[in-house]
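Scrolling down, you'll hit the structures one after another.
The same subunit A turns up in both complexes below, where it pairs with subunit B and then with subunit C.
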Partner chain A sequence: MSAFWKANQRRLAPWLFLAPGALMFALYVIIPIFQSLWISFYDWDGLGKATWIGTANYVELVDDDSFYTSLKNNVIWLVLYMLAVPLGLLIAIFLNQTVWGMRVYKSLFFFPFVISQVVVGLMFSWFYAPDFGLFYKLIEWSTGTGVAVLADERFVTYGIIAAGLWPQIAYVMILYLTGLNNVAPDQVEAARLDGAKGWKMLWYVILPQLRPATFIAVVVTVIGALRSFDLVSIMTDGGPYGSSRVLSFFMYEQALSEYGYRMGYGAAIAVVLFAIMMIFISGFIWKMWRDESER
Partner chain B sequence: MFPRPIEQTSPTTQRLYKTALPVALFLWLLPLIGVAVTSLRPASDLAQGNYFGLPSHIAFENYWQLATESAIPRYMVNSLWVTIPTVIGAVALSCMTGFALAIYRFRSNLLVFFLFVAGNFVPFQILMVPVRDLTLQLGMYNTWYGLALFHIAFQTGFCTLFMRNFIKSLPFELIEAARVEGVAEWRIFWHVVMPLMRPAIAALSVLIFTFIWNDFFWATVLTTSAETQPITAGLSSLNGQWIAQWQLVSAGSLLAALPPVLMFFAMQKHFIAGLTLGAVK
Partner chain C sequence: MVQMKHRALAVMAALLMTGSAYAEQRVVKYNADFDPIPLAAMEALIADFEAANPDIDVQMTNFDHEGYKTAIRNFLTADSPDLANWYAGNRMAPFVTSGQFIEVTDVWEANGLNDALGSAAASMTIDGKKWGVPYTYYQWGIYFNRDAYKAAGAEEPKTWDEFVANCEKFKAAGIDCVTTGTKALWPGAGIFDYLSLRTNGYEWHMDLTAGKIAWTDQKVKDVFAQWAKIQPYTSANHAAIDWQDAAALLVQGKAANYVMGNFVVGVLKEGGMTNDNLGFMVFPEITPGLPRAEEAPTDTIHIPAGAQNVDDAKKFLAFVATADAQTKLNTALGQLPTNKNSTVAADDPFISAGFASLSSAYALAQFFDRDAPAEMAKAGMEGFQEFLVKPENLDAILERLEKTRQKVYQ
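Let's turn to the complex of A and B:
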């Protein structure tokens, strides 16, 4: 036994080190993905017997207006959330100085990211609250009539996205601050001697060096946009009239709805969301894979 | 350095910049400041419509009321019961997985690694129904350990990515030297690599603490009662009960935000090092 171990430990050791983590990860993450795919072909209330209904859940989904509302909102989220990248860069450039007290400024700007989205949602609900919210007052003061953002179908999704952008910009900002810190000073000086400044400097000299930071910023922003659930749930509960739903919230609502659990239908929605995310995930993984193999 | 250091510009620009800084910060934190101010306003002020004027007195009693009459303290303790085991579990597991993937060359190495990475990005909803069912079957539904077990498993994905990259950046000669000496593999892990991983463990611990403390989705899916719900889920249900009592909602929100905020300020360097890993080559 011990002779065998001595001869083979280099080959066996990685698997022994991997085993506990990999088993847990398989049990709670990898296998459930396939189970969800499977469940999406069933009619199941989560307790009783599940009945195979083939693609009926997906057929229903294609005819469900709420599905299209959620899908449309997901697209809006994705597009507007990307604003976090340039805005985060902007704040990072603004803060990349060494005046007295800068460290405190940087951490206070980063602050929103540390707070739970539940709390962010409550803060912005207060901000938007009709009659006394700060934002409502500002609009009322500047235009004459206030707008109840979260009760208005036209604005509600944008109002929630604004709340989501707050911590997301902070996150991107910190990524870029670290990136800017590591920009090669000699290249910047050389470019300066050549007369580069402002936008040109940013575009041709700084941004190429910030590429790793930009990549991570885009990854976390895309994932964050498609994962949006907390804010919708806290701020509007999908309302008014379901107009602020996103796929993640719609899925939760259907699977654990107060009118009875529809696990199969929920799973089908989750599969669609998963498929959308897989497009992005494959892209990220492909890029990371290429970087790894280059080493 | 980019942009040009402000010290090299004209005095006017410098003065302008130094005024712009606090103004920008004030605007940036406006929602937070508004909530902080509201949390110290007595209920009577709000009832009379005094939302923005001076409060009639500074109402610390709002916090006192939450601490003594609401379930907030209970929820905070519940959060700790989920958060701390998760931090320990996920960091412990990922030290091992990270070590395995960083040190050993075997054929499926990259495949396993990218499974961890990809799993970490999937939408929670695709896991929701099976994980809820699994937790029910294990008899762990609505318990702190049911929730913590899931979190440990899921966070292992991110932590493995982190640890593997960290260990990969360590000098490999150390391990080779130990192997030449005939040191057993698990001893190399424990005595050679682990001591060098302290900064990574610190960074991951603060990050995971914050992520798990702030988790809302799984808290609502896997716990239901006030005896087990973490603060995020608890705050959400209290918010439903405290209709229009904004002084309580505000005070509760700030209390819920406090532990990760303290953690952040205490361990700022580690926190940011963890978050920005990979942002620079």
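Let's turn to the complex of A and C:
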């Protein structure tokens, strides 16, 4: 026993250290992924007997208008959420100065990320609320008729995304602020001697050095956009008449909400959402792997 | 080793003996979802029951009302109590068909409940058997602001045509004729249910929610044709507000009528309305001569299949069904007893009006989301909301509902 250990200690130790984490990861992430895939082939209400129905859930999904509404909204989320990256960079650059009291301003800008998404959602629903909301009053004052953003299928998704962008921009800003701290002053100095300033300085000198920060910012923004469940649930509950649904909310609605309990159908939606996320995740992993093997 | 075994046996025996000293009190575990006021009322009822049955100890675990709807699915299969709260009608069907509730027809027969709880009997029956005992229900109807009626110079309507005609007057006075808050979807279904019950009658409405009638049927369109008459006079932003916000509109006199359940009275009175300016009317007749059916969602208690102490749980159900217990409980709840021999507080005009309206009703519907299966209910209520916002989409909505119907009831 101990001879075996002595001979193989170096080979075994990393695996032993990895074991607890790997076990948890397998138990709570890997296995459930395959379980959902499995459940998605059943018709099951979570209580009674599950019946194997093959790909019927997927066939139904393809024919379901709500699925396309959710998919479309997910795309809108992904595209518009990306605004958080340039806007966060803008604010970070703006705040990256040495002025008296700058720390206070920085923490004020960071504040929305600290408060819970539920609170953000509530604040924005009051902001948009008909009859007393600030935004509603502003629109009413400037155009004559108020618009209840969260009750109008044309604006509702954009209204929720605006609420989501507020904390997301703060998050990206913090990422860039730490990135800006690491920008090499000698390179900036050298660029200045060569006459670079303004946009050229930003584009050719600062941004390349911020690439790691940009990468992380894009990753967290994509993930944030795809799991945009809490704001939808708090602000509209998917409404009006389901027009602000996103895939994660649609899945919850079908599988776990008061009128749902179609576990198989919910699992099928989860599998589709997982497939979409997989595209991005493999993209990110591929990029990371390429960056590391270049070194 | 042998000695160890002996010792263990001795300890076991000692434990058993001390156990038997306490075993005189049998435990009934009860999982419930009461808000604070109903909780106090039920605790009082349990105290009465324990006083009458000193050998039974009812242990109630109270859940948050919304969380309960999810929790019940877990505890029924994992850690089953002896009694559990739920709702009548199709809402209990999933638990009945999956064998999670046990049949209590014997409790009904032994205690003469088929007669005493006659009005609620149909909604507790699946496959000719009873699956629980109802302890309270409440009426729906139209709550209205008398001050708003005065401001618009409108008279309290006697017929549907008068009700619709009034809307024009309210509009001229800048008041919403009908208010509702459909953010949570269900308030809109209350309006649909009444229009459906009044246009085509109880049997037709029950057939519709049971999936026997196509949503593209002409008679469904007739219901929506009636709805279209008041749709333009409904609060404009109803899809963005909750039912409490709509109640605020009624309190402020910005809206005149509100189709709601009796629980709205508490909110309206908190907002400052009194018995003088708050009125209640039964939803007016639309198709002349139809027997009047009403909406009365019923709250119930069931015995889960995994119950340990079924005998005492049945005793408790029988006790909850008695006229006296229901009188006391519902006086505290501010709702209506399901036992016809119970009495209601005469000094509350809304309770008395509701009791009169329900006890003289031809039949009682539960509510759209309790009469129709969950998936149909959800799709239906979304359709009602969309219709209220965009009545021009009606045909597309009905096509979609028909598609859902064919999927849900196979």
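Note that in this section the second predicted complex is superposed on the first by the 289 of 295 C-alpha atoms of A that agree within 3 Å, B and C clash if a C-alpha of one lies under 4 Å from a C-alpha of the other, contacts with A are read in each partner's own complex, and residues count from 1 in each chain.
What we mean here is this: contacts are C-beta pairs under 8 Å (C-beta built on N, C-alpha and C of every residue); 3 or more make two chains touch, one makes a residue touch a chain.
Nothing here was measured: the structure is a model prediction, and the numbers come from that model.
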Worksheet item: Now for A:46: first (subunit B), second (subunit C), both, or neither, which partner does it touch?
Response: both
Worksheet item: With the two structures laid over each other on chain A, which partner does A:239 touch: subunit B (first), subunit C (second), both, or neither?
Response: second
Worksheet item: Who does A:207 touch here: subunit B (first), subunit C (second), both, or neither?
Response: neither
Worksheet item: Counting only touches as set out at the top, which of subunit B and subunit C does A:256 meet: first, second, both, neither?
Response: both
Item to complete: Please determine whether it is subunit B or subunit C that touches the greater number of subunit A residues.
Response: B
Practice prompt. Give one of first, second, both or neither to describe whether A:90 is in contact with subunit B, with subunit C, with both, or with none.
Written response: neither
Worksheet item: Who does A:148 touch here: subunit B (first), subunit C (second), both, or neither?
Response: second
Item to complete: May I ask you to decide whether A:56 touches subunit B, subunit C, both, or neither, giving the answer as first, second, both or neither?
Response: neither
Worksheet entry | Where subunit A meets both subunit C and subunit B, residue numbers | 46, 129, 256
Fill in: Partner subunit C, residues of subunit A touching it in the complex
45-49, 60, 65, 128-131, 148-151, 153, 236-237, 239-242, 253, 256, 258-262
Practice prompt. Would you mind writing out the residues of subunit C in touch with subunit A in their complex?
Written response: 69-70, 73, 76-77, 94-95, 97-100, 182-185, 236-241, 369, 374-375, 377-378, 382-383, 385-386, 389, 400, 407
Response to the item:
As the complex stands, subunit B meets subunit A at residues 1-7, 17-18, 21, 24-25, 28-32, 34-35, 38, 49, 51-52, 93-94, 96-97, 99-101, 103-104, 106, 109-110, 112, 114-119, 121-134, 149-150, 152-154, 156-157, 160, 184-186, 189, 210, 213-214, 216-217, 220-221, 232, 235-236, 239, 246, 249-250, 253-254, 256-257, 260-261, 263-265, 268, 272, 275-276, 278-281
Worksheet item: Which bits of subunit A are touching subunit B when the two form their complex?
Response: 9-11, 13-15, 17-18, 20-22, 24-25, 27-33, 35-36, 39, 46, 93-94, 96-99, 105, 107-112, 114-120, 122-124, 126-127, 129, 132, 134, 137, 166, 171, 174-176, 178-183, 185, 188, 197, 201-202, 205-206, 212-213, 216, 219, 223, 226-227, 229-230, 233-234, 247-248, 251-252, 255-256, 263, 266-267, 269-271, 273-274, 277, 280-281, 284-285, 288-289, 292-293
